[in-house]
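Sending over a structure as structure tokens; questions will come in a sec.
For clarity, chains are labelled A, B, C and D in written order, and residue numbers in each chain start from 1.
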Amino acid sequence: MAAYDVGPSEKVHPGKPVVVDRYTVGARINHWITAASLILLALSGLALFHPSLFFLSGLFGGGQFTRFIHPWIGVLLFFSFFGLFLRFWKANLWKREDGTWLARFRDVLANHEENVPEVGKYNAGQKFVFWAMSILIIVLISSGLVIWEQYFSAYTTLGQQRVALLVHAVAAVAIIGVWIIHFYSAIWVRGTIPAMIRGSVTGGWAWRHHRKWLRELVTMRSKEGSGSKPAE
Amino acid sequence: MFPPIPNPSTTDVAPRFSEKDLIRRSASTVPAPEQQLTEVAKLIDVSKCIGCKACQTACIEWNDTHEEVGVFAGVFENPPDLTPDMFTLMRFSEWENPETNELEWLIRKDGCMHCADPGCLKACPAPGAIVQYSNGIVDFVHENCIGCGYCIKGCPFNIPRISRVDNTAYKCTLCSDRIAVGQGPACAKACPTQAIVFGTKDEMKQHAEGRITDLKSRGYANAGLYDPPGVGGTHVMYVLHHADQPELYSGLPREPRISPLVEAWKGITKYAGLTVLGVAAGVGVLHHLIMGPNRVTEDDEEHAEELTEGDGHGRV
Amino acid sequence: MTNSWTDIKNTDLVVIMGGNAAEAHPCGFKWVTEAKANRGAKLIVIDPRFTRSASVSDVYAPIRQGTDIAFLLGLINYCIQNDKVQRDYVKAFTNAGYVVKEGFTYQDGLFSGYDEAKRDYDKSTWDYDIGADGFAVVDDTLQNPRCVWNLLKNHVSVYTPEMVERICGTPKDRYLKVAEMIAECSSPEKAMTSMYALGWTQHSKGSQNIRAMAMLQLILGNIGIRGGGMNALRGHSNIQGLTDVGLMSNLLPGYLTLPTQKEPDLAAYMSTRGFKPLRPNQMSYWQNYRKFFVSFQKSMWGSAATPENDFAYDYLPKLDLPGYDVLRAFDMMHQGKINGYLCQGFNPLQSFPNRQKITASLSKLKFLVVMDPLATETARFWENHGEYNDVDPATIQTEVIELPSTCFAEDDGSLTNSGRWLQWHWAGGTPPGEARRDTWIMAQIHLRLKELYRQEGGAFPDPILNLEWPYADPGDPKAEEIAQEINGRALARVTDTADPTKVLAEAGKLLPGFAALRDDGSTSCGCWIYSGCFNENGNNMARRDTADPDETGAYSKWAFSWPANRRILYNRASANLAGKAWDPTRKVIEWDGAKWSGYDVPDIAPTAKPDQVGPFIMNPEGVSRLFVRGMMRDGPFPAHYEPFESPIANPVAPNVRGNPAARVFEGDLAQFAEAASPEFPYAATSYRLTEHFHFWTKHVIVNAVMQPEFFVEISEQLAAEKGITKGGWVRVWSKRGSITGKAMVTKRIRPLTCDGKTVHIVGIPLHWGFTGAAKKGFGPNMLTPYVGDANIETPEYKAFLVNIEPAPGPVA
Amino acid sequence: MNIELSRRAFLQTAGAGLAGTTLGAFGFGDIEAAHAAAIRPFKLANTTETRNTCPYCSVACGVILYSKGDLRKGEQAEITHIEGDTDHPTNRGTLCPKGSALLGFVKAPTRLQQPMIRKPGSDKFEPISWEDALDRVARLMKDDRDQNFVATNNDGVTVNRWLTTGFLAASATTNETAFETYKVVRSTGMLVFDNQARV
């Protein structure tokens, strides 16, 4: 069968336990830059969003600097996420099993993954996060530019700017929500965070959460190594 | 004539109002002031205005701003728009009255209206950057301003401007420093024809009535006072010969109000947003407490090992 | 002004014509808005452009520039035809009934006695019939066909509403509306005030523009009363004072005149200045001329002015010509007849017509001295500023000395406003750099000249060596010292002529006022009309008492108003022959059976009986003049003459070009465009903007911000015709020069139809030059013709012909 | 405190005319010692007032010069603000766009600072001392006067006139300057003498 969502660098290393490469160094750095800027944006954005959170601007050396830096971090996030997008969009294309997976979401929440179909490198939940982020970031960057007083206020009408403000605020709330899901899942599903730190997971983790993906890796490996027999 | 504004005193007079007279403070709350100051107002009688721009030069001189010398752009507005250094601007429009076929040169002094319900203050995210005194003055506090420009979007009259020098917002202060010592605004003192007068809001309304009667006697049937309720009334009001068509006066809004978008953004979104996020976080925690973490079991590892050892042929 | 700024609040109708009070005098215009707001007064604005004054008017009437006389005589005609005349006033207080000599005629635009070669009149027929008793013959019934009233009626009859519309381009209905409103003011209960300025004076018949309105005001009975009058708004802060003090080629202070070479001695000089009354009992105040003159001579030359030497009569230069006004001066300069020129302030390069001629003239000087607080264009006329001052310094051999003077904020002294108020001001700041007061500079120049003449001798040094110089520090006279000199002193004890026991002033004391002046050398007085400004009561110009009993607007205790602290001139005319106010609500002064008294200083002898002595005491007639005898060069009545450059031929006198009596220098005539010239089809006018004051405020950054750049104002119709866009560049040129600027395209200027022809108007403001904070720009004097008013030589800035076309912007 | 602000009080002060408005009577409760952060300290406090009149048009509005330092005490005085004089009957404290910007005239960048001379054919001004400048002016005047003075005309009448040098008086100098100027100019016999009345 076609290795539709297997990256070239992903490999299985037999042993106890089996080790599976999941993320390259580049992917990990890229991810963490994105993560960091998203968090900084959330903090600075919230500071300007709600008075009760204005104190957060202290983290950035005051309101003036917060106002100044927020849009620039936004630009950074945009490009850095674009990197992730190029890396992962294929693996996040929708699959038949994703539907079933979603249908049995209760079992997922209840930690009964045995009842859900085997999934590839990403399950429907992860795919949701991926696409939600992609769309929201587009929305945020475009509405953000419109309300970037210092450089772009001259190019739009006050009416447009007011719309942009509202859109930007709503989208920001949404993306933080999505981030919360992403972040919680990473904690809840143990072994996930190390994956993004070390780059590899144990065979068991792959077997439990992304069995289809594991099988493909193994199949590919055997194809490469056909003929060679393990020492008896 | 309307009693002129007295000459300033050069002795050090203590200001007659201060922070403890604030009724609103941007992105923060203030204790209710002990007493309500008498509301003041500036009345601009467009029908008496000769568009001489004395208000503009007096404003620049009093506030020590430094507007650049521009160019002639085919119109009388100079500078072409309000700027961080030009808090007030004469706007000129030539209108042929279809009823009389008379040319009317409608000249309006534009500037901060000091709304009772100030959109700038509502939109402002920086605590204390915009304040409102119980006498009606809405003022910007530059050391608290972060230059985000939200006030501009909040303002129904498009008044504040951000300085590219210090990145803070500027607008008419109603000469709070003069009023604080019992003076009137510099523009009102200068105005040669007393088209601008200043006093308590009640006095201004009474004075306006007299002017409106005079205008009606001169055939301006629709003469009236511009004190728009949509923003809770203003502390800068206009007497207009055509109060039924304020937009004739270089686009003075007919029914100004804080944009619903801004209201939504600063209202529902603000609260709903935080709630949603709070809930999301809460649910996560809750789920963790009930369901606990999703751990890889020994079993899973063995399966994985078998799978790899079985060169992919193994079945379980 | 016959009245004062604050008096305007008492009016019922304001007519702004030949001026633009709201823009040029905004704070004075306040009193118009007060009259409107408090009395329901109406405002009429008559102007080629819909000005900011018009923007607050009740009625605006467009008019072609240079046709005011037709409009005004039309109004007089309307009033006479519709019997809207204050008859009793006219009969009692004007020369309506005076019978004019046989032989006086007016035909085809010319009065009797015209000499075309001289462009001048023999005025012998322009006079009254003088009876055997030596008094003018008067027909109180106004029946005599030769009486002024009937001559006037006949003279104005041609100016029908149709003719006014044809000449002025004012739509007839609009004109009639104006006429109706004005005619209403013939009632004694209604007052109209006339506010005018350079819009009337800067024409080749400027003086007659003003006379025409003065005549209308007399017919309506509006002179001398509260809320009435002829109110010249005037330009600069002390142009009234400079003229009062006589800084003109042919004047002595207080409107005395300089001798001509036909008057070799004092006797000859006085013979033409006797001013014998033309009617019984009249005061003819100029009979005191000799007192004023002698006292002035004493203030000039003190002990050197003695009865023996005709009070130093020879020290005064004698005129060979009517005068050496600025136009003549620069024409002489242009001919190389002038070597040196000193400018104390002022900015001729910007101010005088036909700038090319001015530049050429200045370039022919040996030396030019400029005293000014600011860097003027004149002081730098030799400096190349590209198209804005396209000269080659190397070819200009003039030595220029620029002396920095102080400004108002750095010196003490008095200024006389248009309401004749002498107001004292005090220095508040230290002058910048090495700037010095004008009083210091002039003293230094004089002392040096004196010293040179003392050492070297030279041409007739006496008037210089003997010039009275009584100042504590001769090198730096104090303003107070000079003010006292102007007010005058008793050199010997002065007693009352009626009652010698009554001492008016002890020797050495300041004089109470001009009534104390003597012609025997016992008094000295620099400027008789100012006498009383600084007397033993102190500096009356510095008075700051704002009391105004019954709020008449007189403010009699504020500063000092010449003459004799009088606030309304001819105020005796506010009362009828019984001495009671025509309108009780407008009382100024009234006769109580023994004397005149009221809110103002009576403009008549306090005991002069109302039914005997006329109100116009400076006239030998004792009444005002609808017919002015030989006192105007261009006619005893005004008549409509087209500007020298006009878009149509004169409809009432097709063969007369311009004002037939106006002086035109050789060579200049060739530089005038023909009437209805196809090359120069548009009627241009110059004007000022409220954001600027002349060429001063372009040096002020804030004002430069308010109106940064030169522009040309045209109608939407002309713009469309020529493909000119709002804010786009245009070139405007006349027969004398060419300028470029941006276009202001506006509804406020509309093409007029005059004599069946469409006349487009081009407005050219005058505030820009090549020094200062504003953008460099041109002025109208690049284009205007070199000709002045027939009587006082004010240049014709308000009406000339140009052409216009879209132009590429300047190469940046 | 609102009583002070009643219309009646207003009319009373109106009656008092120049006395001013009830603004002066804004008794805003207890007086605050400290300035509110938003409110600028009143910039005219502790300045010196001098009464003057506007030098521009002939309405001659009353103005007040506010300066740091007091000339009458022999100090250097720097004018920091200029405002209309409410006590003045004509302008009642109001000023037009020119008058309101008078400070900019007093402090214009193009105010002349020192005497300058431009030599024939030169393309620049050069500084010169007052002494030299004035000596030069007097010399130029005397030489021209001595050369071209006309004592008598062709008919032998004494005319004592000097036509080859002219003097142009201004329009905004004081009457005192005007009269002194008149004396100095006329005593030389100069006839080419005019002012700005016409333009």
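Worth pointing out:
Everything that follows uses one rule, which is that a contact is a pair of C-beta atoms (placed from the backbone, for glycine too) under 8 Å apart; a residue touches a chain by one contact, two chains touch by 3 or more.
Everything quoted here is computed from the prediction, not taken from an experiment.
Highest C-beta contact pair count among chain pairs: C-D. Chain centroids computed from C-alpha atoms place D closest to the centre of all protein C-alpha atoms shown.
Per-chain CA centroids place subunit A at a distance of 74 Å from subunit D.
Mean C-alpha positions place subunit C and subunit D at a centre distance of 22 Å.
Note on chain placement: the centre of subunit B and the centre of subunit C lie 50 Å apart, centres being C-alpha means. For the pair subunit A and subunit B, the distance between C-alpha centroids works out to 41 Å. Residue positions of subunit C touching 2 or more other chains, listed in rising order: 26-27, 30, 690-691, 701-703, 706, 773. Within subunit D, residues 18, 48, 82, 87, 91-92, 94-99, 101, 104 each touch two or more of the remaining chains. A complete list of chain pairs in contact reads A-B, B-C, B-D, C-D.
Residues 1, 47-54, 56-57, 60-61, 67-75, 78-79, 86, 94, 96, 102-105, 107, 192-195, 210-211, 214, 217-218 of subunit B are the ones touching subunit C in the complex. Residue ranges on subunit B touching subunit D, taken from their complex, read 1-21, 34-35, 37-38, 40, 52-54, 56-58, 60-62, 64, 128, 131, 135, 139-141, 143, 173, 176-184, 186, 189-194, 198-200, 202-203, 206.
Put simply, subunit B touches subunit A in their complex at residues 27-28, 125-127, 144-150, 152-153, 158, 162, 164, 167, 259, 261-262, 264-265, 269-270, 272-274, 276-277, 280-281, 284, 287-288, 291-305, 307-309, 311-313.
Those residues of subunit C whose C-beta lies close enough to touch subunit B in the complex are 9, 22-23, 26-27, 29-30, 33-34, 36-38, 40, 50, 52-56, 58, 60, 690-691, 701-711, 725-728, 742-748, 773-775. The touching residues of subunit D, when paired with subunit B in their complex, are 1-2, 5, 7, 10, 13-14, 18-29, 31-49, 64, 66, 81-87, 91-101, 103-104.
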